[in-house]
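Dumping the structure here so I can ask a few things about it.
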């Protein structure tokens, strides 16, 4: 029997992407979708791409929870805690694509998001769902904090070096460039075609909410409290994030050691493709897929590691990773439904 | 046991797209790929998107034929006839994505392509593979002339009206707009990013080789010799063709009759989605999929039918349709491996 | 002394484009700008491109009128009639980029725009400002109805053929493709980057408000009541309109006659560039400039003239043409301030 | 009498851009253009944008030199030294858009470009033409090494901080993102539309030739030998470079001090626009113009200065700056012919 999945916030971009992938997942049936703004409307009215493939109607949140074994929530930040409690009570698996459960420190949550932990016990039950780094913690859990988009790519670029102590954890710089879907479905001046097309700029330099989440992951990996400088930029493309990460190489560490550390770290990971020397991670090569491509470059003149990752912000940075987490929790092969070939063009 | 597929010309765009789709086709195994320019190289070296998914090496054409039950040929025009003969002799199914077998009239072939029919009997064995229009002819055949990109979308937009005699077959105008992949993988000034980006223009107005092929299909449908005016344009997008087709509505024919004719014509066709009144076919909604979306509009002031189709030139206009033909020939459900959800963004 | 120009609706796209061009016009000084939505704010806060070049504050409409010799109004349709009356009374030149004065027939205005002519005498004073076709009417006038974007490019493509009776005025088809700026500055789902990028579709097929305006011009040129089929499409580029126009060539008319008619018609027109045979009008080549490139193609198989024009919808299709009209009225060389070299890339 | 300008390499992108700007420069007449690949052809055949505006024929290099007072050379690296000698002998001003005279150290030139200084005295006569930093050196000179594109934007972003000793000169990171025109006019797989569109990647990480040139400028400004980590990326846009520069703020230096240093440094510079706090430099706002927009951001958590500059790589990063240098040398107002309003969209 198939797993029954419910999608809360199905008409947002992450929700729509969950639908796209789950529609061809062999072990899942979409039991219900929900949307506050479009309740009673068909998903294919909102996204004509889905005509004949998903003409389901958006139902209430409660109906979606009731009908499902696993609930994916793609809601604005702050709205997931109550829903998580509801699902927990009902014994359902809850996978949260929002930020409510991502930060372990309530203090940091308050600082960056301005909210509180409504139920600390619930937060104890939640686990941070970045499988390549924390797979063992995920198995058997019922509340998953699915990482944000920037917070998936940057840690995967740096993990082997940080975990193995090959680079200094001080002075790490993450310069990221994201496609526009990261800003969501709601039109705004900044995503109005004529003002974004042929443009490019940084935004929220050193003040983006994903900063503490990246730091949390790097701190766990290194065993030290890490602070980074994080500057995101907006790319005139639909999808994809490149994170160019800079870290000072520790004295005595060789190029070969770094290469080897990366190879060993990712040798069994299907979704992380470590590129050969000389190649460059490119969002063009991972679009629509759950892959994270990583390329590493050494600046020998300044002794700096340049680690670059490419992910699709909507897949490995959102919906795909959520499904990867679901696969783990339900004991499926982690790749099930996620072997999506990135188009060559 | 899976069908063994060989792809000749695998490093061109149509070839690469065949690989993308066949990699997840449940009844097919790619037995061999071949490329003259890249023999001995891995496909994933040419298209890094395919790393770890298709690291096969390009072999010789002969090896690809020998290993396969079905041979897909994505070759420059003129190179398929000998290969077809070779496959025919060896009892293999041959699906030609080139133009060599598309035109029934050798005279027209000579006029538009400058070549000859090397073996007329072979041409008798070939069938034109546009399943929605000629499905019954395809079953049991071994040589398939897979239609060109423009020649799929425009006929599908017009077929119900032409077949049912609702419009005049004189004065039909097809104004098409194609994404850049239609021009292939080879760089040129015209596809150099800075000169195409933010540009748009017609090309080969009234002189494009797909003209006689569209006319042939419309002639078969109508039972009359049809001549059209065909003007293709180059869109600054990767994929997709919109064909806006204009035809004079015959006297006495009503809007409702036209709507009904389209509904009946396509009611059982999975891959043709007739849009509701008021909607517009958009390449955004069919990208990467085998769908052909059709919208119809009536200009009551001038009594003109405006039928618009949207296809992905690389899928329904090339690789996807070729696989659809293969499914028919091998007795599979026509949708097998082709239920690709077009991304919502 | 310089001409004092006032711009009403300066923060919309056409208004902003007027500012861009007038800032370097040697005979004009921008006396005041006005905007309802941004009154009291600097234009450069709305468009950071203009920082240090135009940090003027948006004033009230009355103030802009009072300070100016010529008033350019880039307002939503329906709001210009009163302003025109006000300017007329004050003896100012009024150039309207909206539609209120474009149609001569009040009946058609009511049918397509749903409004009335508030003051018929005022409408008598207004002149349709397409200089290449109606230059003599413009001189000495004080109220100018500046043509719309589609309504500039399509008539310029067809004028020499229609005026000289070389084509039938029945069955003319205009298939236009416009950049996104045509939809204005206000964000909407349809102009939200991820949903428009890599997309293309027709809209308002056979129901766009520019239809009667194109017909009006072609009717004047031909001396017959012309009806056309007009289908606009939305291009994923910022600027530019290609209009591909189809007309049946009258019996006995030769290719050479058509070429000659076009050459003679446009030989003294600086802003219309008739391309050599074989070339294709491309929006890439006229961007940011006041040029209208025209290419003509003959389909000898169906006896059809295919005339293609390319304009920048914001320049020749709006602000540039408005300034061209101003130059005529004020007795300046028509090119003054408008010799903008279209960038090669 | 107007200055007679000759453009060598006029059919390359930098050459074409020189033509675009010089065509409307009030004190310059283009005396001759030259191109090896297109000798005898009209420039407007290569760039149809220029039809009727610049239909000049490409002549030989010698003819261009003979006819001109100032020679702009937009040649591949290595070809300028002989030409400089020829111009020097003939008493002409020579402005080199190539790299031959940019590096003061022959050793570095050899390391990064693989060539030699053919005539050391000639190199002594050359001056590095970044006016905002080295204006006084430029006056009265006859050989100008016009900076490269990356090497204009990054130093302008960092100069006030580095010059005033507000940041450490160790550990500076320059993460740049450039539009495609930087790669020139010649088609290649990497600039083939379908493979670059919707893509983004780093290239030549820590090995790009502009590295020593940026270091040279920062070393002069700081009085110390500076080494940087420089990683360029390729943006899917035609024009523009964003350089996001990271530098460690020296102890005790305040946010206010940094702001003040930038304000003072650029208060009299027309072409550098220091943006207000909270704004982000965006290539959208400087396209086609000679402006360099600079925004500064402080990461107080890590004590890092993030200085971001935006330039048009073809204007301030090439042709515009070359003309700015010409204006200085010929004693014109530096802005002459360069007050180009960046389009708002």
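Letters A, B, C and D mark the chains in the order given here, with residues in each chain numbered from 1 onward.
Please note the rule applied: a contact is a pair of C-beta atoms (placed from the backbone, for glycine too) under 8 Å apart; a residue touches a chain by one contact, two chains touch by 3 or more.
This is a predicted model, so every value here is computed, not measured.
Same or different: do the copies subunit A and subunit D touch each other through matching residue numbers, with over half of them shared?
Subunit A vs subunit D: same; shared/all numbers exceeds half.
Computing the C-alpha centre of each chain, which chain sits at the greatest distance from subunit B?
Most remote chain from subunit B, centroid-wise, comes out as D.
Express in whole angstrom the distance between the two chain centres, defined as the mean CA positions of subunit C and subunit D.
37
State, to the nearest whole Å, the distance from the C-alpha centre of subunit A to the C-alpha centre of subunit D.
Once rounded, the distance between the two centres reads 38 Å.
Averaging only over C-alpha atoms, locate the centres of subunit A and subunit C and give their separation in whole Å.
47
What residues in subunit D touch two or more of the other chains?
Expected reply: 13, 181, 194, 196, 198, 236-239, 282, 284-285, 287, 345.
Taking the complex as given, what residues does subunit B use to touch subunit A?
Subunit B reaches subunit A through residues 13, 16-17, 19-20, 23-24, 47-54, 181, 198, 238-239, 270, 273, 275, 279, 282, 284-288, 293, 314, 339-345.
Taking the complex as given, what residues does subunit B use to touch subunit C?
It comes out as residues 171, 173, 175, 177, 194-196, 198-203, 205-206, 211, 227-229, 231, 233, 235-240, 242, 244, 246, 248, 280-285, 287, 295, 297-302, 304, 306, 308, 310, 345.
Touching subunit A in the complex: which residues of subunit C?
13, 179-181, 185, 187-189, 191-194, 196-198, 236-238
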